[in-house]
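These are the structures in question, set out in turn.
In what follows, subunit A forms one complex with subunit B and a second complex with subunit C.
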Partner chain A sequence: MTFPSFSLKKRIGTKDEVLNKVIIATASLVIVLFFLLFFYVPLTKILKFSFIEQGKITLEYFSDVINSPMNRSALIFSFYQAFLSTIICLVIGIPASYFLAKYEFRGKKVLINLLTIPFVLPPIVVLLGFIITYDANGWVNTIWQTISGSNNPLINIFGSIEGILIAHIFYNISVIIRITIPAWENIDYDLIDVAKTLGTSKWRRFRKIIFPQIFNHIVSASLLVFIYAFNSFAIVLYLGQVRFQTLEVRIYKEMVRSLDFQSGTALAVIQLIINTLIIVFYLVSEKRTRRMAMGKEKSLKKEKINFRKYSTGKKLVVFISIIYMISLFIFTFAPILAIIIESFKPAVESVSSFWGYGQLFSTEYNSYLHSAPLRMLLNTLWFASLNMIITILISLSLLFIIRNRFQRLRKYKTSRVEGMISYLILLPMATSSITLAVGLFLQFRTFSWYNNAVWVFIILAHVLISVPFATRSILASYNRIDVELLNVASTLGASRLRIFAKIELPLILKGLIVGGIFSFAISLGEFGATNFLVKTEYGTLSVGIYNLFGSHTLQLPAAMASILILITILCFIMIQKIGDIDLKV
Partner chain B sequence: MVNLEINDLSMRYEKKYILEDLRLNVEHGELLVLLGESGCGKTTLIKIIAGIIEPEKGKIIMEDEDITLFSPQRRKMGYVPQAQVLFPHMTVKSNISFGLKSHKKSKEEIKEKIRWVAELIQIEELLERYSSEISGGQKQRVALARAMAIEPHMLLLDEPLSSIDATGRESLALTIRRIQKETETTTIYVTHNQEEARLISDRVAVIYDGKVQQIGKVTEIDNSPKNYLIAKIMGSPNVWPIFYIKETDENTILNTTVGEIKLPKQTNKKITGISISPSCFKPSLEKKSRTDLEKSQFIEFKGEVKSMVQRDERTIRAVIELEGEKFDYAKIDVDKEDFEDILSSDQKIFLYVDTSEVNIL
Partner chain C sequence: MKRALIVCLFIFLFLIPLCYSTPINTSAATDYKLTIYTYQSLLNEPVSFDLVGAFSNHSGIPKEEIQLLRLDDSNQILSRAILEKDNPTADVLIGLDNILVFKSKSENILKSYNSPVLSNISSSLIENLDPDHYLLPYDYGVIALWVDTNRLNVSTVPELDSLTLNDILDLDLDKKMVVENPIFSSPGLGFLLWTIAVLGDSSLDISGLLESDWRDWWEEANKDLRIASSWSEAFDIWYSEEADRPIMISYGTSPAYSACLYDDYSAVAYLTHENSSDNSWLQIEGLGLVNGAPNEENAKMFIDWFLSKELQDKIATHNWMYPANKYAEVPECFANSAINPDTVDILNNLISLEILENNLDFWLDEWEEIFAGEIPYSGLVITFSALFVTAFIYLRKKKKQ
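Coming up: the complex of A and B.
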């Protein structure tokens, strides 16, 4: 009389649905295997090194690590400099973002984009630019000494905290500017008008209405800057010298220079825990920001700069703002320009201006570099390309799993898949580049083929670093697709594969390309993990430039860096042309 | 032309029933309007019929075939969602041909179908444009064309007029009706607006509490709504709910939002509310005494005139704010000649209704 209840549960399986199941199973397998093999299993290896001594669990290494003054000061310094960097970035960046949000002028978009370039530059390139610009014989100090007549340099970037801070500000100011511009733009000015009619004072209006609306954006941006500065490697490694070290630098030194794997991995675990906490905090704040951003229509009234209309006071304010923006622009572009000029500046007069670029083809520096600069360039491009392809494949696999959530939505059940995936990539996201590399190294070093396959592991490390960025970019564009489009397509008889090919794929293509180029750019300049894993002829340009810092002329590294700058800017222009860059993790 | 039978359909969302043991029959070639207030589950129902949502329980039978477990691809339903969603990266033409290509039609056939449907829905001049280049009303026409191109078994329309400006509504509604008649497509049309139902429906199904509460022609439901809520959803004027009922030997006393109403003894049915036709109110500027009211029983209302609109050459419809704690309004139709010069805004007025004219709901 009644039908057995399970008959309803099971839908009639069509060819389409079977195929879909096969695709999802394959994608899940790829994802799980990849993260298990190259992240989670290596991670357990790290845990094993740091927690287990002769088969017993011990916290000895942790207490050793924490009791070591060197490590403790690295931990404290990591926090201290990250905190300072964040505060200074906020102080400098927020007025700039307000100016950029409020005023309309020709070339504004270009200016915002140009100010973002440092963020995508390879850290080693930034480092080189800083050395050329702020070194004792660098531009800034030379100009200062000429003007003031003093013999003492204005800035000393080596072994001082200033150098590190300036570099971090240079790097991260764009994060603050880019994230807070929409915050200013999204302020609901209707609310302010309402508050005015209610007779609220100016200060109260700011505190109760404007500030809450921008606060979440500021928190998100600050947490990002904090995490980037906290995990800073190349800049601190070189500029901090022995005095200042971040955890990331300590891990590297313990692992590579002292070969103390126990201390290195223990530090890595501590760093991972801190990073995870910050990232979770960040994701929560991000979610809140997005929720608040919804449903706002009226936004900041843009104003064209028009000096004639202004009162004297306003003229002064706008004038100072413009000077401020110009200074910021010079600050951003001086190091980049310095590198390009340096690449044409011979150390001795007998040498041609193009010596640096000519040297790319020579083997003269092989004792430093282990291979010709040209080979390094090819390695860099090859790694970046492979990284891009693998990253896109992994992101697409993730997408195939996520899009299946509509199956659950059909039954009015919330999807667990998306949550699971965000947890799955949360940990790799929170893991520093060096730790990723350490894991791969410890896990695979005992294999006889390890040394010949080092390049594979370099690429894998790059993939682990790029996947969270790429996935976020792709998911962001996927989530903008209206579910009803897919519903309509299915009622029109389109198979799941056809819906993907004809509707979803074209609509996420931009995100996919941006994600791909972004991962290409990340790999292009990646230094920490590459430098840790690198062996013999598998060096990249970043590694090469770093190894040449000590040489008598910076012309060759400047030439190599100029090539990186050129490629990075090309990538950046492409991303800008296609869509919006997402600086967020 | 198909018929559709829905049996004992249930669906929950976060443990709350949206649809509960719902039954519905849609007859061959008719246009059935599902009428209900926002959140009553009518969109869920139409999505279940389209196969987009899977019901927890129940059966959907189309032309004697059980399609409950069919995927949306297999059902061949022409679904037009509430938001005007066209595939944004395709031209109008590609939007329309999408379904035809999915059904693997030949090139000639696709061309022929596009021409046919474009002519039918009068969008020939839009074919090469993109979704961003056409108006809201045009988008909805294209969405309709896209659904009709595959010659669906049924047409499922979810509030098709909701996001279209007032001037375009009637014309689109009549277009839908014309197409539905011409192609003899069995159609389900979801809306919360009873005027749309009056304009184009063959039959109306009123939904609330997860069930179809009453189904029939508009006039049938208007004449004998099953209860107070249905009358209200149908947009009848002067509908008031009942709080409680007192019974005496001769009378039934109904306590309503507009006061106590004493009626001759009622026995025939469960009382949920009352309605009074606007033409049954007898307005008067002065309070009438018992003797003025002849022998029959009258109910008295007190209130103030709030607005007056001319209905036709002879009648004026006035809105009266009734005296009481809550703001209740009565709509009354009065003779233009008698009252045009007498009534004015905010004027106090008495209304008298013969108890025999009170409709029990």
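Coming up: the complex of A and C.
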């Protein structure tokens, strides 16, 4: 370190530091105001219901809630099905990810991407696909009845655990596959070779060398699947019927149907605590995984599938693996395909195959939908676009605060603000979307303009849900920026804004776009909060599809769902083209 | 970089068409002269009756200034009204029935309205729904078992004509039945109260007709019944032959639909006949003026019109219930197909309004507990023990070294 450069930096620093402070202050103000106004204040309003009775703080509602057998069984069931879903996803997903990591074949990347599509699909669309595929007269049961000749359906998805589990596996299997592929790829194979020459058994090599290296990835992936399954709403609401309920369904029932805010909020607080715990576990495990993966080369030797070279035993193994992959592919694609086919299948003979799409422009179903399907499509896109813009702005402000460059320059460590903010955004993520929506509703509905501005609150709810995802995506790309580069630029006299425009922004642009599109996709499919807030003409496609479940034809909802699938896949392709999708929260 | 630009461009192209259809400009300025909350299916079959248009003609209020909001079901109407009670949006609520009336009165969301048209409404309905005129009856009908006789009829099940609730269990008819969830659906709730009134509740000393306990019936039927969350979902199951459930809980007037429109008398409504009476639960639907309604005068005008003969003539053939107005027309086909509530022994009298009001939530909770699926812990035990064994082996070997 030479003195001249130090004094130079200091001199520029003072002027630049003012600007920086202004930026940070504005960003902090925006963030704090946003979260305070739209999340924390509404949340306290809700919490008042569960903690305060006639001006006194009480825990009575909690004991009431825990003593209710239905609530207790919902709590137990949430854990139960989330645990089983996770285990089954692991058992099915890990062999598949090994196959995908180990073997090289044509179209592999496409296959991996295709397998990920269910994860980004809106839950309502998944539900519709499931009904068409696994219903009493759905594809699977019809095929089974034709083959076996029996009259009994093979699977009953209504009011049964199987239905819920299959739907969760369908939804989450890609999380396991995508996260564990790098785990297999990053294993240090030199160690294995050394062990081999030392004469260790295969099992021991797996246990001592391979397993410890992939363990962290498996834990991160499992925790993610667990949290998604634990908070499942639309799927359990419809498939579980009365018989099975998760906490989220229970909260919905208490808050929206029975208007028992005391029990509803008490349940929401319990759910919040559990979610926060799991997310903290996840963040710890994710950090560890990232640290382990750092600096490692992809050392797995990839193999091309070549049957002629293999011994009979190996032939068999590879053959079975291929069959396995094909069945997995069919399992993943049957529901999606089913929706698209259903959208062209006339329910009544008198209508054409394109009736469903034609109905988009009619107002015949207005009494169910409250507005024309086309309007719903436009609403959906409009909400998603606005949500994307606001989310990106907020995530950028968050980024400014978190990566306060001057602190990094001086202390070479992350600021305390970062810790605080990651918790600030953690809480909305751990809060049920129903609670978010009810909070917004109770807080703002007394304003005279509320009824004309419902759409603003739908978008706000979407923003609260997507900000954590977008921020992480942007942060991930920011973390890849070489700090030295910023230091050099600063030493050479570049201003704070210039550094942002010339270095930071270009380098995080990919992450920014990926985060943006991801939040677009989240908003496309959001159901819980929208369904609660929605009023007359502000419906989205997800809500419309749900309202049409009860109508006699599935063609129109299938057409609407096909459009959602198309848009989601488009978003997904864009994300893939630009960068890697972070399935991680 | 180039690619990123293309994507940005793409996104902007997405945004441009949206600007023309923003939700903002269309409704921000609308100031409704009347807002009505009702449920999805009100006057909606076979084709939607243009309620807003008809009232607009009657009152002269422009169609655009009347807002008709169809919520999922009558529970939702009540929920929304309670959530909004400090600052109501709605002026009129249509579709609260003789059970929801308690909660709407205790929550104070309605305002009593002594409509001049009430003199044309049958007084027993007013007495049974709400003598204080917070909720005014507009139609009524009994709950009934709606049977598709093409698939299940007296020749296959001779007991159908003299059916009792216990016969349903004994003859395994519960395997052929679909019932709406009483928490979400009013016919479902009507049927639950039907079973309580007939079988009694031993824990509350309600003897009912048979002096046993409703829980036993539901516990036995639990595994065989199919529960649907709404009437329309139940109808889909009832209608589909693959699901093989030709009995559903519906209204005594449901057969009139196919009878009047298609001259098809194959769907028949049945009651139960314990103690050789014709038993059923009566549902009375009402509408009410919202307490603090922004447009009270228009709301009153609407209520008067809704109870007048002009609109009440439409009830039978569009809402498929009996109109509350004594002078309203009921077509011929009703007489041959529907069950007229006046000929039924109404079970409602067996449960006093006070008991009903105090125990409704308790009964629903109990019902839900009966239906709560049993979680098969075997799956959990197997997975846990497998995990445990693996961990144990793993750790022991580690220790050895």
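Here is the rule we go by: the second predicted complex is superposed on the first by the 557 of 585 C-alpha atoms of A that agree within 3 Å, B and C clash if a C-alpha of one lies under 4 Å from a C-alpha of the other, contacts with A are read in each partner's own complex, and residues count from 1 in each chain.
In this section, a residue touches a chain if its C-beta (ideal position, glycine included) is under 8 Å from a C-beta of that chain, and two chains touch if they have at least 3 such contacts.
Because the structure is predicted, anything quoted here is derived from the model rather than measured.
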Which of subunit B and subunit C A:57 touches, first, second, both or neither: neither
Based on the superposed arrangement, let me know which partner A:136 touches: subunit B (first), subunit C (second), both, or neither? second
Quick one: name whichever of subunit B and subunit C touches more residues of subunit A. C
Contact-wise, after the overlay, does A:506 reach subunit B, subunit C, both or neither (first, second, both, neither)? both
Thinking of the overlay built on chain A, is A:76 touched by subunit B (first), by subunit C (second), by both, or by neither? second
Using the touch definition from the top, say if A:198 reaches subunit B (first), subunit C (second), both or neither. neither
I'd like to know which partner A:147 touches here: subunit B for first, subunit C for second, both or neither. neither
Residue overlap on subunit A between the subunit B interface and the subunit C interface 506
Please name which positions on subunit C make contact with subunit A in the complex. 1, 3-4, 7-8, 10-11, 14-15, 17-18, 21-24, 26-28, 30, 40, 44, 48, 67, 69-70, 72, 75, 79, 82-84, 86-87, 89, 181, 183-184, 226-230, 232-233, 236, 239-240, 242-243, 361, 365, 368-369, 371-373, 375-377, 379-380, 383, 394, 397
Could you please specify the touching residues of subunit A with respect to subunit C in the complex? 68-70, 73, 76-77, 80, 83-84, 87, 136-137, 158-161, 207, 238, 240-244, 253, 256-259, 367-368, 370, 375, 378-379, 381-382, 385, 388, 441-442, 445-446, 451-452, 455, 506, 509-510, 513, 516, 535-538, 547, 549-552, 574, 577-578
Across the complex, what residues on subunit A touch subunit B? 8, 10-12, 14, 16-17, 410-412, 482, 484-485, 487-495, 498, 502-503, 506-507
In the complex formed with subunit A, which residues of subunit B make contact? 11-14, 47, 50-54, 56-57, 68-79, 81-83, 85, 87-89, 98-99, 102-103, 143, 146-147, 150
